[in-house]
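Order of writing sets the chain letters: A, B, C, D and E. Residues in each chain are counted from 1.
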Amino acid sequence: MKGVRLGDLQVLWIGLVLVALLAAFSILAPTTFPTSFNLLNLVSDAAILLLLATGMTYVIITAGIDLSVGGVLVFSAVAAAEVMDATGSLALGTLAALVTGLAWGVLNGVLIALGRIPALIVTLGTLGMSLGGALLLTGGVDLRAPTDLNLGLGLARWLGVPLIAWICAAITAALALVLAWTRFGRHTYAIGSNAEAARRGGVAVRRHLVKVYGLAGLLAGLAGHLSLAKYGITGVSAHSTDNLQAIAAVVIGGTSLFGGVGTVAGTVIGVFIPVVLQNGFQILGVRPFWQQVVVGAVLVAAVYVDQWRRRARDQ
Amino acid sequence: MKGVRLGDLQVLWIGLVLVALLAAFSILAPTTFPTSFNLLNLVSDAAILLLLATGMTYVIITAGIDLSVGGVLVFSAVAAAEVMDATGSLALGTLAALVTGLAWGVLNGVLIALGRIPALIVTLGTLGMSLGGALLLTGGVDLRAPTDLNLGLGLARWLGVPLIAWICAAITAALALVLAWTRFGRHTYAIGSNAEAARRGGVAVRRHLVKVYGLAGLLAGLAGHLSLAKYGITGVSAHSTDNLQAIAAVVIGGTSLFGGVGTVAGTVIGVFIPVVLQNGFQILGVRPFWQQVVVGAVLVAAVYVDQWRRRARDQ
Amino acid sequence: MAVPLIAARGIVKSYGQVEALRGADFTLRPGEVVALIGDNGAGKSTLAKILSGVERPDAGTVEVDGEPVAFGSAEEARGAGIETVYQDLALCADLSPAANFFLGRELLRPGLLGLLGVLDNAAMRRATREACERLGVRLASQTAPVSGLSGGQRQGVAVARAVTWARRAVFMDEPTAALGVVQTRRVLDLIRGVRDSGVSVVLISHNMQDVMAVSDRVEVLRLGRRVARFETARVSMEELVGAMTGALETRDGDGEPDGSGPGGRDGSGSGQGLGREGGV
Amino acid sequence: MAVPLIAARGIVKSYGQVEALRGADFTLRPGEVVALIGDNGAGKSTLAKILSGVERPDAGTVEVDGEPVAFGSAEEARGAGIETVYQDLALCADLSPAANFFLGRELLRPGLLGLLGVLDNAAMRRATREACERLGVRLASQTAPVSGLSGGQRQGVAVARAVTWARRAVFMDEPTAALGVVQTRRVLDLIRGVRDSGVSVVLISHNMQDVMAVSDRVEVLRLGRRVARFETARVSMEELVGAMTGALETRDGDGEPDGSGPGGRDGSGSGQGLGREGGV
Amino acid sequence: GQSGQSGGGGQTRVTLVQGLAGEEFYETMACGAKAKAKELGVALDVQGPQKFDPTLQTPIVNSVVASKPDAMLIAPTDVKAMIAPLTQAKQQGIKIILVDTVVEDPGIGLSRISTDNVKGGAAAAKALAEQIGDKGKALVISTDPGVSTVDARIKGFEQEIKASHPGITYLGVQYSHNDVGEASKIVNAALAKDPDLAGVFATNLNSATGAGSALQQAGKLGQVKMVGFDAGPAQVKQLKDGVVQALIAQLPGDIGAKGVEQAVAAVKGQQVTPSIPTDATIVTAQNVDQPEVQKILYKAGC
């Protein structure tokens, strides 16, 4: 499996870049950056994006794209908030978030796989629909989470690490294994590598695509619920760039936009590189506008180092 | 040339969708939608996006992507505003916008073609850099255009149509012809279709990519200048979704994200479909959030009709 | 005479303006090797794709075991025991040879892991290496993706795959085009072996030596139609070439308008072609 | 004896763990047809790509007209008059046959339009059709993209392109693999014609009949090294096959470890191989 | 730039977390804070999210807390959602001063410095009523609900309209997420829906800038009257151009400066003032050119 084998090496190089960044910030701000307080915050800020990016990894490996994740996240958070408000049950709220997320994902998958509409258009459409739908449900204003969710799941820790981070990490790890070691993962790679060959080989391409987009939607739904718990608010306007962030993480992690190659482990690193940069520069007190400039430049440099090392190895 | 030949047919179908939309809105709002006042507004709102989308068409046909256009637009507008402020010369301001746009584009091209970094990462990086840079130059607040630009080029009309619309239309038409009929266009298709084959065939692939991204940057620079003239402000925070809008227009117009096929004519229609939808629903008094939902749905439907007709023809 | 395993009649297939098949017929009987030959662009690959469920015909009927079928997908054809080596090989370039070999039929680990869908990569690699070696094709690395294989190695993987899984029939679209001398011999031997085990073989090839060496019958396509059928034992290479090019059909002549493809001609000539059948 | 047109010595090329070439030599003289043969995975295509500037060797020297060169790109090799038909054809599937035929050398309209870079599509289409027809390859449509061509039609376009533009040498990597009987004959004739016009030809092929019929000399690659050279007139097909498979090299034996590719063996055996040269 | 290491000795380190980076209100606040910090010999960092949103402000607060300044001035973007990260900051021993906006938890914020926003809202209502002759439809454009300041302005505006201006039809509030483009879109749509719209109250800077440019583009000048909170450069231009009839200018620079003073006092263990109201001034085309008014207009940078 190239996915696995090459993936490991990819992860190695880009992982070294991440380690170098962590080391650099630790040297520049030895008493503040490498503290458990800061690193835990960093992990828990990244955790929710990680869910979106993991789903996106599957989607991009099939040579697809999902622009709707941010909208689905918000929609699911709104659905959860309203259900919890109406029923008072946190469990029903969780369920509502998961079900609505899954439903949007399946809708994406059906339109893409059966309607054969480009994924970019479908998910751009559902992005507008889900965001607009969320705004309609709320009248355009953020809903708040019930206090017992916000102060419960939102603050809960296990072994000192936020429960939300554990949940996201566990799901990501499971999905990394599924991608690398199972038939479901194998078919995901095959479709992205050559959908026609997969079809001729007897892979149920359309059904599989519906599942992959459904998975991405489900993860976005869960992300919506966790974000509601963590921030206490549905965040109707804060998620318009989630899609780009998730896609960038996937690509930084070595997954090709043209499908067929990639790993979840790479994506994990791809999520953390921008988050670490942002956090490090904030800690160093770099002004916000400079941060944008520097993060952009370092991002390009990081991926350049990765590509360059990989090329050197290949030739 | 498939680009041209198939393109024509593509343009035919998706063009019919646009015509249908225009007809529908004209019937639903006969006294307000099909007025020259409204249609001219519509055209002039779309004109600047058209420039970005035309550059994006070239980029996507090479199987690339350019997320930086909105940032480059803003940066160029800021550069123009500052130069005009400092020198009092509108011509120097125009030059500044074009040169900075071109420079960002060439930087993209060099990093992508010579650094072999994925276009998504490079242009995400330059998006951050150019936006951050613009904010740094302005301290984060919008600069204003000199009054003689805002009231001159910004309001000028020729044959009743805004001069800005003429400029954008002329450039778009010229670039449509270049793509369809010249060696430059042919090499653009060849690279997107099979970069390795183009390279073996003696096409200077890297140099060509630098030119294509340079062109996209140049167009974004011009767009920045025109936008400064039209709106009178640099709009530092208003262009964060320009990239997605341009990409969507290109894809709606039948260009494949995987490169090798597409036309500028398709892109023109792809620019107008969402603009017409937005405008039409506003005129019909559809509530804003509903608009988002409906635009999303109609977009998917429009492209579906297009795909479906094309498939029917092929089989 | 037995019911044909596959009988196709009047198959028509157009791509836009180009008529690839213009009413083609084809018959495959159980346990025989039929060579399907014809000039470049005659429609051989298109016919093979239609009979293996990858493309749908615009018109015409396909019967399997005398029952009309309409394969909606390659899966259905494979369900009926029909495997295909496509001319373009249809491999996933990013996957390993073993992943391609077992694509759509992956082996799972025994026990709980298998229920979870966990792949048995070691077993798949082993089986793939063995199947390729039987053809004389050596793979330098079992884990490297197919994109790094030589042309012949790739073809070896595709041929080995089809032969391994076929239960009723194999379509082989120019299976030896990229293979070396030894590998080609082995594939020809394999074709005979497969036939002897009761699986029918359709061999599409431009190599008349191979066709003569291995086939029981020959069907000839020209410009999207079947124009002749022969028993291999009773035909000469010259006759085959003549039938393919149309040189033998004096009434049909070969004075076709310059540069016209299959779509460029009208419907004449098919009757004569069939009239030349080699008494099958 | 004339200075060789191309002389390559000790070419080494690895892809990751796989050693495709392990010190290969190769010579091409002006005006000759050399067949480059070898088993699947022997390294023929890799050598052809290195000599036509598409890949860079890890080690070894290439001389053209006795001068060392280091082609940095296919353009440079083409500048030196060397054209190539790649095994994977290297066509842009979305472009028309004519666009592919003239890729990188597009014809422009005369006059002002030409200065503006406007293409002369009509002239290019005409020239392409003529060149293809000379090979007996008919294209159903001149404007449809190459992705809609049959395997043989595609190969015809690639062969016609290389032959048209070559001034010093043409590498042909299995140029007739997908071609029909007639087209194959025409290509062989064309190879002779090209040679007679002073252009050298390197023919990579698994078809020993073709090799015998058209080549002046044969060079044999095995496991990434040149193991033998022959004058075609003085060699038999059995000898060629023996040299390719290693069966003839008794000292070398064919008791290689099972399943090992080119990368799986150590450096022995090359001396013996060269010792068997056919007295060139 | 400023090193993030807590120098152990000497200099007091303060960080200002804005509600939105680059908005002139917050930039002017930063200018006032910087000047005062210089005067007092305090090291000041400024951070702020790209959008006015608690989910974006939270990670910034977290990393500021990690860098362990002695005190933090913050304009929280939500009364509830910012409680959790600020509680964490408080637990780390960082002195918290709330500038402009506040959170619901009264235990957070040693000092709270802001305009009397209820009064400001009422003043806006009076000014608008006067402009539209006490009758017609009036709309409010705000940022987001759950932002203490603008909520108070809306409250003051609504109370005043209900109590003393029965001729005015109140159309309610629309929310722009403190985004100029959004605000402009909302007003466009409102004009399409209610062509007879008479007045608009925009509760803060970006809402007013966006609403003003929509009115300008629609050619509704003079027909629709507008009163806006804040006095950024774009708004002042709109005032002079006759797009807007009145602005309610706060004193963001003062808020910033007082915030730094309170922070330093808190760090030094001196007396802090729990609540400091600052002034607001009504700016109109008539008084805008007077020097004392010119002085309080917001700046793009310092």
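Simple rule for what comes next: contacts are C-beta pairs under 8 Å (C-beta built on N, C-alpha and C of every residue); 3 or more make two chains touch, one makes a residue touch a chain.
If you're wondering where the values come from, they're calculated on a predicted model, not measured in any experiment.
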item: Third chains touching both chain E and chain A; value: B
item: Path length in the contact graph (chain D to chain E, fewest steps); value: 2
item: Centroid-based (C-alpha) most distant chain relative to chain A; value: D
item: Chain of greatest Cα-centre distance to chain B; value: C
item: Centre-of-Cα separation between chain B and chain A, whole angstrom; value: 28
item: Chain B-chain E separation of Cα centroids, rounded to whole Å; value: 35
item: Chain centre separation (chain C, chain E; CA means) in Å; value: 74
item: Chain E, residues touching no fewer than two other chains; value: 21-22, 179
item: In chain B, residues with contacts to at least two other chains; value: 135, 140, 288
item: In chain C, residues with contacts to at least two other chains; value: 15-16, 144
item: Contact footprint of chain C on chain A as seen in their complex; value: 1-3, 5-6, 178, 181-184, 186, 189-190, 192-194, 196-204, 260-261
item: Of all residues in chain A, those that touch chain B in their complex; value: 63, 65, 67, 111, 115-118, 120-122, 124-129, 131-133, 135-136, 140, 240-241, 244, 247-248, 251-252, 256-258, 288-297, 299-300, 303-304, 307, 311
item: List of chain D residues in touch with chain B within their complex; value: 52, 54, 73-75, 78, 84, 86, 90-96, 99-100, 103-106, 108, 116-119, 121, 143-145
item: List of chain D residues in touch with chain C within their complex; value: 15-18, 38-41, 45, 87-88, 129, 133, 137-141, 144, 148-153, 156, 174, 177-184, 206-209, 241, 244-245, 258-264
item: Contact set on chain E toward chain A in their complex; value: 1-6, 15, 21-22, 45-48, 50-51, 53-56, 58-60, 62-68, 78, 80-81, 83-84, 92, 144-146, 174-175, 177, 179
